[in-house]
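One chain, subunit A, appears in both complexes that follow, with subunit B as partner in the first and subunit C in the second.
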Partner chain A sequence: MTVNVLQPGLSTTVQDLGRPGFYHVGIPLSGGMDRYALIAANLLVGNDDGDAVLETTFLGPELQFLEDALVAVTGADLPPLVDGVEQPVWEAFSIKAGQVLSFDYLRSGARSYIAIAGGIDVPLALGSRSTYALGGLGGYQGRALKAGDMLSVGPAKRPAGPGRGIGPELHPPLPTVTELRMLPGLYWHRMTDEAAANFFEDVWKLAPEADRIGGRFRGGRSPKLVDRPQPFGAGSNPSNITDACYPYGSIQIPGCLEPIVLHRDAVSVGGYFMVGTVISADMDLIGQLPPNAKTRFVKVDMEQALEARRAYRRRLDRLRASLS
Partner chain B sequence: MAIIVVRAPIPGIFYDKPAPDQPPFKTEGDSVAPGDSLALVEVMKTFNPVKSSKNGRFVRYLVENEDELMAGQPIAEIDVD
Partner chain C sequence: MKPRYSFGGDEHVFVEFGEEMSLEGFFASMSLTNAIRDSRIRGVTEICPANATLLVKYDPDVISPADMMGEIRQLETAAEKTEPVLRTRIIEMPVYYNDPWTHETLMRFRDRHQAPDATDLEYSAKISGYDDVSSFIGAHAGSPWFVSAVGFVAGLPFMYQMVERPLQIDVPKYLRPRLDTPRLTVGHGGCFGCVYSVRGAGGYQMFGVTPMPIYDPRQELNYLRDFMIFFKPGDIVKFKPVGREEYDDTVRRVDANNFEPLIRQVTFNLEDFHKAPTACNQALEGILHDR
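For the complex of A and B:
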C-alpha cells in the first residue's frame, strides 16, 4: 500500500516509540513526543503499540491514499478531513483508494499521530523507524516529509474496522495551565532559596522556537545562583558545569536565564547545570504544548514520580481494555 | 468584490514585514495575486510565509506585528476580485 504526500505540513515525521540504548554514544531516543497518543492511534487501527506512524506539528499534511486504508488520528485536536468531510479524532475511519486525507486548523494541542493499519514501512535504523532529523537518521530518508514522497504501508496485522473509538475519559487533558511535575536534581543546590521558590511559583510560557529537541520557557524570573569558584573544566558563567550527561526530560538554565526542557531528539551531553528532570509520566504533555502555552513546574519526590509512572501505565491498560 | 479573511495556518509569532528594517508586505490598496506573501509566522526557529491564494486588493492586517497567533486566527483582509 502506498500513500502519496501531496503537502507535507509544517514538520511531519515518521515516528515509533524510539530507539533507546544509544544515548551514551550521542544518539537520542527520538520517537513520538506524545507516546500515549501514538500508542492509542496504533491500537485503533489494529497495529502493535510501537508501529510507525506520522507525527504532525501544528499543521497537518495532505495525503492521497492509493489503496483503501483504515486510519486513526489522535493527540492534538487537529480535525481530519477525507475529501473535505470532517472525521472524528480518537476514532478509526476508512479511506478509499484515491481519496485525500487533509486537516482543518489546529484547535488545541500541538502534535497529532496519524496511524494507518499495517504501519508506515520505512527501514529500521538502530532498531527503530523513528526520524532523527538533526542526525539524518531513520524515518523517511532521515528527514521530515516533503511533497512528492511516497510512503509504503505494511500489511494489516489483525482485523480492525472503522467506528472504533476511545472515549473522552481516556483522552489526555489539554489544560489552560499545564503542570509539569519535576524531580529536583544534582545541581538543585546551585540555586538560592529565593530562586528555587520563584521557579515553582512563576507561570512559564513555552517559547515559539520549541521543537523535538527541547523547549525553552519564558516569563518566569531568572534564577540567582549561589556563588562558588567555577570547577575545573567548567565555563565561566555560573550556569556552566564540567560537562555531564543530559537526561531526557532534564531542565537546564543556560546563562541563568530561561529553563529549557530536553525532549526526544535532545543532545546527550553538555555544560549547563540542570535543576532537575520532568518526570516521564508528564513528558507527553510537553509534546502537546502550542507556542506560548502556560505551564508551571511542580516539585515531586521519587516516590510520587514512580506512582505517576504507574498511574500512566494504568491509563494505558484502561485504554487497551476499552478497545478489546 | 467581497472581503475575505486570511487565517494563520500555524500558531506562532506574527510579522507583517519580511525583515525588521523593511516595509510591510502589503498596505491598503495594494494589489494581491495568488502566491504573494502577506505575512510571516515564526515557530520552531523557522519563518513561514503566509501566501495569498486569491487575486484582489489588500484591505488591512487584523493583528499587530509580533503578536502571538493561534492556528486559524484571522490575520488579514483581502477584497477579492
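For the complex of A and C:
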C-alpha cells in the first residue's frame, strides 16, 4: 500500500513511541510529542500502540491514497477532509483508492496524528521508525516529508472498520490557560526566593518557533540569581553551569531571560541552569500548545507527580477499554 | 567528593559531582555510570554521564523515584572506593587547523564575536596568553583530551584536555550563537573542546576541521558500520595537525571508504596522571604510535 505526498504541510514527520537507550550519545527519544493521541490514533485503526504514524504540525499535509485504507486523525482539532468532505476527528474513516486526504484549518491544539491501518512502513533505525531530523535519522529519509515522497504502509494487523470513535470524555482537554505542572529541582537553588515566586505567578506565552526540540516561553519576569563566583568550566554568564545532561521536560533559562522546556527531540547536553522539570503526565500537553498559548507553571511535589502519572495511565486504560 | 542529588521530574535522577569541571568529577561520573550499568537495576532506560554530572532515566511504574535514588546512592558509595582506573582507547584525530571553510564561516558571523577584527584562533591565542596562533595550536594538539560527554546533538563529543588546570584552554563562547558551523569543525567554548558531528548552529570558537566523520546514520563508513556514532564518554583523543594536502588525501580515503582511524587500547590511572601528567601523556602517545 502506498501513499503519495502531494503537499507536506508545515512540518510532517513519521513518529512512533520513540528510540530509548541512546541519549548518552546524544540521540534523543524522539517519537510523538502527544503520545496519548498517537496511541489513540493507532488503536482506532487496529494498529499496535507504537506503530508509526504521521505527526503533523499546525497545517496538515495533502495525501493521495493509491489503495483503499482505514485512517484515523487524533490530537489537535484539525478537521480531515476526504476529497473535500469533512471527516470526524478521534474516529476511524475509510479512504478509497485515488482519493485525497487533506485538512481544513486548525481550530485548536497544535499537532495531529494520522494513523493508517498497518502503520507507516519506513526502515527501523536503532529500533524505531521515529524521525530525528537534527541527526538525519529514522523516519522517511531522516527528514520531514516533502511533496513527491511515496510512503509505504504495512499490511493491516487486525480487523477494524470505519465509524469506531473515541468519546469526547476521553479527549485530552485543550484549556485556554494551560497549567504545566513541574517539580522544582536540578539548579532551582540558583534563583532568589523572589525570582522563584515570580516564576509561578507569571503568565507565560509560548514563542511561535517552538519545535520538537523544545519551546521557549515569553512574557514573564526574568529571574534574578543568587550571586556566586562562576565555577571553573561553567562559562561567564551567571546562567551558565558546567555543561550537564538535560532531562526531558527540563526547564532551562539561558541568559536568565526566557525559560525553554525541552521535549522529545531534546538536545542532551548543555551549559544552562535548569529550574526543574515538567512532570511526565504533562509532556503531551506541551505538544498541543499553539503559538502564544498562555501558560502557567504550577509547582508540585513528587507524590502529586506520581498521582498525575497514575491518572494518565487510567485514562489510557479507559481508552483501551472503550475500543475493545 | 560529595555529590549532589536531585530529581528531574518523576522520570530522572540527576547527580552532580561538584559545580566545577574536574577530572575527579568526570571520573566519579564514569565509575558510577559503569556501576549502574553492571547492576542492572530494573526500570533504568538511560544512563548518561556528562562531564561532572550523571543523568539516569527510569520508569517510575517499575521502580519508585525514592528507591531509584536509594539504589544509585548505594552504588555511589561502592564506586567511590574503586581505583580511578579507566580501560579505554586512544584515537588519533587529524585536524586541518586554520582551514578555509571555518574561516569563511567565522567571517560571516563576525558581528556576533567579541573580537570582530581577529579570527577565532587569533582571539583565543591572545586571551590564553600565547604569543601567536601556531604556539596556541601547539598546545591544543600537544596534549590528549578526554571525551567527557557525547551529546547536545547526535555523536558530538565534549572534550576536556588532560593538562593541569593552569594550562587548560578557557575561552568564552561567541556573544551570540552563529547560525551555521561547518560539519566536523573542531571548536572550543569555556574549558571544553568539541567536534561538530553535523552542520548547524553553534557558539564555540572554531579552530579547524577534521576530515574524519564521527556520525554516519546510514552506517556505510567502514569504521561506523557497527554503530553510527564514533565516540563514547571515556575515549581519549590526540589531535594531529595536518596541512591541506594530507587533509584532501584523507577526505579522498574516507570517500573511497578505505580510511581507518588510528586506535589503540590503553589503561589510564588518574592517580598516576596527577603524579606526573607529562610523563603519563607521553606514555599514552607511545602506545598510540607503537613506540
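Everything below uses one rule, namely that the second predicted complex is superposed on the first by the 324 of 324 C-alpha atoms of A that agree within 3 Å, B and C clash if a C-alpha of one lies under 4 Å from a C-alpha of the other, contacts with A are read in each partner's own complex, and residues count from 1 in each chain.
Operating definition for what follows: a contact is a pair of C-beta atoms (placed from the backbone, for glycine too) under 8 Å apart; a residue touches a chain by one contact, two chains touch by 3 or more.
Keep in mind that this is a model prediction, so the values were computed, not measured.
When the two structures are aligned on the shared chain, A:Asn292 is found in touch with subunit B, with no touch to subunit C. Look at A:Ser130: by the touch rule set out above, it reaches neither subunit B nor subunit C. In the superposition on chain A, A:Arg309 contacts subunit C only, with no contact to subunit B. Within the superposed three-chain model, A:Gln87 lies out of touch with both subunit B and subunit C [touch as defined at top].
More residues of subunit A lie in touch with C than with the remaining chain of the pair subunit B and subunit C. Contacts of A:Ser268 after superposition: subunit C is touched, whereas subunit B is not reached. When the two complexes are overlaid on their common chain A, residue A:Ser236 makes contact with subunit C while staying clear of subunit B. In the superposition on chain A, contact is made by A:Thr57 with subunit B only, not with subunit C.
The residues of subunit A shared by its contacts with subunit B and with subunit C come to none at all. Those residues of subunit B that touch subunit A in the complex are listed here as 7, 9-13, 42-45, 48, 68, 70-72. Partner subunit A is touched in their complex by these residues of subunit C: 6-12, 14, 16, 18-22, 45-55, 57, 60-61, 64-66, 149-156, 158, 165, 168, 170, 172-173, 189-192, 197-198, 200, 215, 217, 228-229, 231-233. Against subunit B, in their complex, subunit A makes its touches with residues 10-11, 57-59, 104-107, 208-211, 290-292.
Those residues of subunit A lying in contact with subunit C across their complex are 20-27, 125-126, 132, 134-137, 142, 182-183, 185-186, 188, 231-236, 240-250, 267-271, 274, 276-280, 302, 305-306, 309, 313.
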